[in-house]
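You will see chain A twice below: alongside chain B first, and alongside chain C after that.
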Partner chain A sequence: MINLTIDDRTVSVEKNATILQAAEKLNIKIPTLCYNEEMAPIGSCRICVVEAIKGGESLIVSACNTGVEEGMKVYTKSEKAIEARKFAVKILYSENPSVKLIRDLAEEYGVVEDINVRKSECIHCERCVHACRDVVGQNAIVLTTCGLSYGNDAPSLKWDFDKCIACGTCAFVCPTGAVKMHDHDGVRTLLTPESKQDFTLKKCVSCGSYFMPEVQAQYLMKKTELPADKFDQCMNCR
Partner chain B sequence: MANAIFSTWNNKVLDGRYNGTTYSAEEVGLPLTYGEDKEFKAIFGWNGIVLTDDSSNIVSLAADYFRTVALIACGECNVGYNGVHLIKTILDNLVAGTAVPADIARLKECIEGVSINTKCSFCSSAVKPIADCLRYFSAEFEAAAEEHAAYEPSNGLLNVTAPCIEACPIHQDVPGYIGHIKNHNYDEAINLIKRNNPLPGCTGRACMAFCEKNCIRNEIDAPVSIRKLKRVAYDFGTPNELVVEKKKKDEVAIIGAGPAGIAAAKRLLSLGYNVVAYDLNNVCGGMMNDGIPSYRLPREIIKADFDEMIALGAEYRVSTPVRDIEDISSHYKATIICTGAYASKSNGIEGWTEGENDMLQGVRYLKSINNKKTMELKNSVLVVGGGNTAIDCARTALRAGSRDVTIIYRRSRAEMPANAEEIDEAEIEGVKLDLLALPVKIEVEENGIKKVTCQKMQLGEPDESGRRRPVPVPGSEYVINCDMILSAIGEKPDVSFLNNKVELTDWGTIKVDKNGATSMKGVFAAGDCVNGPASIVEAMASGKRAAIGAVMYLDGKTTVSNEKEEVFEPFHKEFLKHNLDNTYNYARERQHARMIDRNVLLDNFNEVEQVLTKKQAVQEADRCLKCYKVILVTRN
Partner chain C sequence: MENYNVFASRVVSKNEPLAPGHRACTGCGEVLALRLCAKAFGKNTIVVNATGCMEIIASQAPYNSWRLPWIHTLFENASATASGIEAAIKVLARKNRVPESEINVVAIGGDGSTVDIGIQSLSGALERGHNFTYICFDNEAYMNTGIQRSSATPFGASTTTSPAGKKSIGQSTWKKDMPAIMAAHNIPYVATACPSYPFDLMNKVEKALATKGPAYIHVFSVCPTGWRSAGNLSVRYGRLAVETGVFPLYEIENGVYKMSVEVPELKPLTAYTKGQGRFKHLKEDNLAKIEARVHEEYEKLLEKCNLSAVEEGK
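What follows is the complex of A and B.
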């Protein structure tokens, strides 16, 4: 076990725990945005930053993906931590003021200025990318990043609809509502920040209700090697 | 000698602007001159600012430097991408004369925010010189915000590099192609790799990967699997077809169709020269073909890389041994020798009879097996040496049917020059290691069994190579019996075809100047025949240099045409350094490639390591911390 202090309270946690997990144990709340406890930390939103003192050196680290160390002193509400977090909120707020979650954070941290208003709700946190890759296993979403001669002016999310099985995990994990999914008239529509894709839904042969996208049935059929007629009925009629 | 009047390099502040003090390059900790004593005027980089006089416009320098930083900011974290772009906009406004005084406070806020809170260390370290500007040149920045006057650009020379790029002899843009892979853009990744690498297939499978040895992740968990990611790009990407402008200039001869030869050929072709290459083997590839077993590097991969050169117009005359250098050099205006290091060093073991009684040089053994010559099966094989050739010999012997294979090496495992992963692989496959032991004498019994007397060793003081020197342990002799002994203690060039017409070094390699020119007019040399046995990628770098040397000779030029290389060469050590600032220290597991089933493994020479899956590749690419370093210099 590793012993450390958070806001001057002592806590003892497993060797490979993160600062965020240690704080949870003490019931100390650190705001998060891109973090999802079901997935490996991403570290892109920079909201969960705290001040960590190790070996006499004070560092700003993201709590979600920084491991605990013996004797570490963590301050979640020190002036330095709050300043760093406030800047991250400010940047988010200036880029995505339409997102309620971000407006709330901005209010909490006293951010008022709108530097550069943009319409998109997507904060490029990569939660959907990681969920599709590490949880669903389809690896259908990519955050196209920038680089020298990459030819992209800004990072953008792209869906590979040859791989997408319309499961909706991306919409479920999206913290800002930038990815949306809804079913209507036998069609499932996936709205991503830059595209709109419709998927045909399968109709239950017994009750006539729509229950699963065609692509998902195809995927499961291949994966489970079950005959096609096993996918004709909805869960209720099966 | 140039002196600095101001420096913040590496957090060491030296300010002589107001009292006339000047500081030497040593005090600054950075070279202030390049080439033959040409002076830098200003150095503006990731690690600080250095000025040698007071005539530089610091605001222009900052804006020009930061425009490139903004191009690299990837967009994987909120603060880095958006913060950097806000800073860039303000700096652009300052030099355009459109900024307002409030922008300075805003700039300060952005720099503070970015410098402490980013996902990787690129953006946070890239803002350092701008932070220095605001601290030590606030008057200049405030004036720029008030004057509303457009500033002249700095006209500086920019360089973008990283510790991995610098460690690579051919300077592959590692974070660049890893970023493409992360973006699922395999085509662009392989295009980027091929820009300065004529052997993308071979280096994705059998490269020494100097980049991985200098990967910043070594200090956190384990290096990024750069070589395996290169293979991902090669296996999954479809590159654009290479085209070269055919100018029908002079023809250049290349002797040897190995890595140095192909790199020289590609550079010459791209500059419009025709290439005729000679090789004594019936296939191209040189030591990659003769020395590297096919379970590590399949032959069709080598062939594909060379076929591309042939498609570009290179003529390969295989099965054409060169008996005398003048047979070739007298027919061409320029000749490049790339014959490798094929002769083995003598092992000094008493009773060694080369080529007889199943005592053989490792390279000869590998060459025979790799070229599918049948060899009599030997059950127990002893391999002497600790390098990659020794490992290749041992694993090849297992595949050829030997069941008892031992590597004997005089130092300990940590000193073995072979790739650590290769040593692990060999052990998993059943190769035994007899470390800290040296064979001293061989006696052949009547039934053909060799009794090898070995001496136990211990490690003493470090020698010239920095490795601890092995010292015999008195009275520790013991005897091993075996059917075959392979000597793999190192190779040297076979220079018999030079017939003493070209000057050699004391080590028996060909002597060349910095452009690869030998003592014979119009004859250049590159690769292992110059450097001694090294690696594919070092041979390629050397081949490229010799090709440029040959072109300079043909064009009658004396200076290196690559100005950028000359200007940034003094910073090489600084570029190699790791500037890990602890903003990010989360360990993430290195992805491992699937290996073929060990049970069927040893029956054949099929490739052992499989390509990473696309999912694994993206996860691995995600581990790259993009330690790019941007530097802008202006000169007097």
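What follows is the complex of A and C.
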């Protein structure tokens, strides 16, 4: 067990715990956006930054992916930590002022300003990228970042629709609702920040209701090695 | 509604505030709903539990399945207790005795304690505008005392106090429309849900908890013991209830009606009643009568949703 203090309160946690988990144990609330407890930490939104003092050195670290250390002193509400968090919120707000979640955060931290409005809801937190890669295992979403090979464009998410199986996990994990999915008239539409794709749905041979995208049935057939007639019927008729 | 059927379930919290090992019947749809709700509650929640199945099965002295603060109340006063807790939290926060972070207050009860016995205290709590969430788990009769009829029992269902026989077709009155009564209190959030649509249910609970002011969720819970249906088909019966229009899923946010699951074409009622022992005695003409009523109510609801959509469009 490792002992540390958070906001001058002592807590002892497991060896490989993070600062966020230790704070949760003490019921200290640290705001998060890209963190999902069932996925590996991503650490891209920088909302959860705290001030950590180890060996006399004061550092600004993200709580979700920084491990605890013996004798560490963590301050979640110190001037330095709040200043850093304010900056992170300001950056997010300047890019996505139309998202309610971000607007509420900006109001809480007092960084609401009139800045030129960009109409995207995507905050590039990469939750969908990691979910598609780690949970689904398809790796159909790629974040193109800045760099020599990418040019000077702002980062953007690209969907590879050859790999996509229309399971909707990206729409489920998206914290701001930038990725949307809906079924209508035998077609499933996936709306991403920059593109739109339709998938045909499979019809149940017994009752005639639509229940699963064709690509998904093919993927599951391959993965489970079951015969094709196992995927002919909906859940009610099986 | 979003249909995340395969992989999204893996990113749902694995934390179980309602511990396993409770004494619910095999195939209970109600405890499935409760488990999903508990996942959505989060850590800072106080649960007030009216007497009913979910209280009996979770707290056989000296054991308790809840990993959250939990209070057992009588049939009639779950909402009154929840109002008291909410008021106490307000006072303690004012005196800086509890942290500022929000504490959710949730009252849960069965259809007996919500629709019949506890309706006066619930109505009072909604009228006073306490910031709490009430969840009704509706299994359409008093199940733990031995299947007595309640006012949530549907027309034609056979129960021990409305038995079907030569001169009776079982329950002779129609099911009380509880979500409509709750909506008439002009509270910010009213919704119906079903554990056969787990993501929809969890989203609605989260939405209700985030609502400032009272919120009400009516959860349709299949009861294999009381309905005389097969225990392995509970989830299917929940889905069929939605697809036949018996229990449409919708939400009312600040007076705006919205369908959560849109059913393009309602399935015939027999798909739902077939296999349930409580409807076994019903003849074709009885079923036709019930089906006509179900379709009429469904049309009425659709009309309200369309009206809301038109108003929103302006």
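The rule is short, and it goes like this: the second predicted complex is superposed on the first by the 234 of 238 C-alpha atoms of A that agree within 3 Å, B and C clash if a C-alpha of one lies under 4 Å from a C-alpha of the other, contacts with A are read in each partner's own complex, and residues count from 1 in each chain.
Throughout what follows, contacts are C-beta pairs under 8 Å (C-beta built on N, C-alpha and C of every residue); 3 or more make two chains touch, one makes a residue touch a chain.
Predicted, not measured: the structure shown is a model, and the values here were computed from it.
Look at chain A after the overlay: chain B and chain C fit there side by side. With the two structures brought together on chain A, the opening angle seen from the C-alpha centre of chain A toward chain B and chain C is 160°, to the nearest 10. In the superposition on chain A, A:124 makes contact with chain B only, while chain C stays out of contact range. Contacts of A:66 after superposition: chain B is touched, whereas chain C is not reached.
Once chain A of one complex is fitted onto chain A of the other, the partner contacts of A:212 are limited to chain C, with no touch recorded for chain B.
Of the two partner chains, neither chain B nor chain C is touched by A:161.
By the document's definition of touching, of the two partners only chain C reaches A:183; chain B does not.
With both structures placed on the common chain, the touch criterion links A:136 to chain C but leaves chain B unconnected. Closest C-alpha contact of chain B with chain C, superposed model: 17 Å. Residues of chain A that lie in the contact sets of both chain B and chain C are absent, per the superposition on chain A. Considering their complex, residues 24, 27, 29, 36-39, 131, 135-136, 167-169, 171-173, 181-183, 185, 188, 207, 209, 212, 216, 220, 235-236 of chain A touch chain C. Contacts from chain C toward chain A in the complex involve residues 2-8, 10-15, 43-44, 99, 101, 199, 236, 239-240, 243, 264, 267. Taken in their complex, chain B has these residues touching chain A: 68, 71-79, 81-83, 86, 106, 109-110, 112-113, 116-119, 160, 173, 175-176, 179-180, 182-185, 188, 582-588, 614-615, 618-619. Considering their complex, residues 18, 40-41, 43-46, 49, 57, 59-62, 65-67, 80, 83-84, 87-88, 90-92, 94-95, 115-116, 123-126, 133-134, 137, 139, 142-150, 154-155, 160 of chain A touch chain B.
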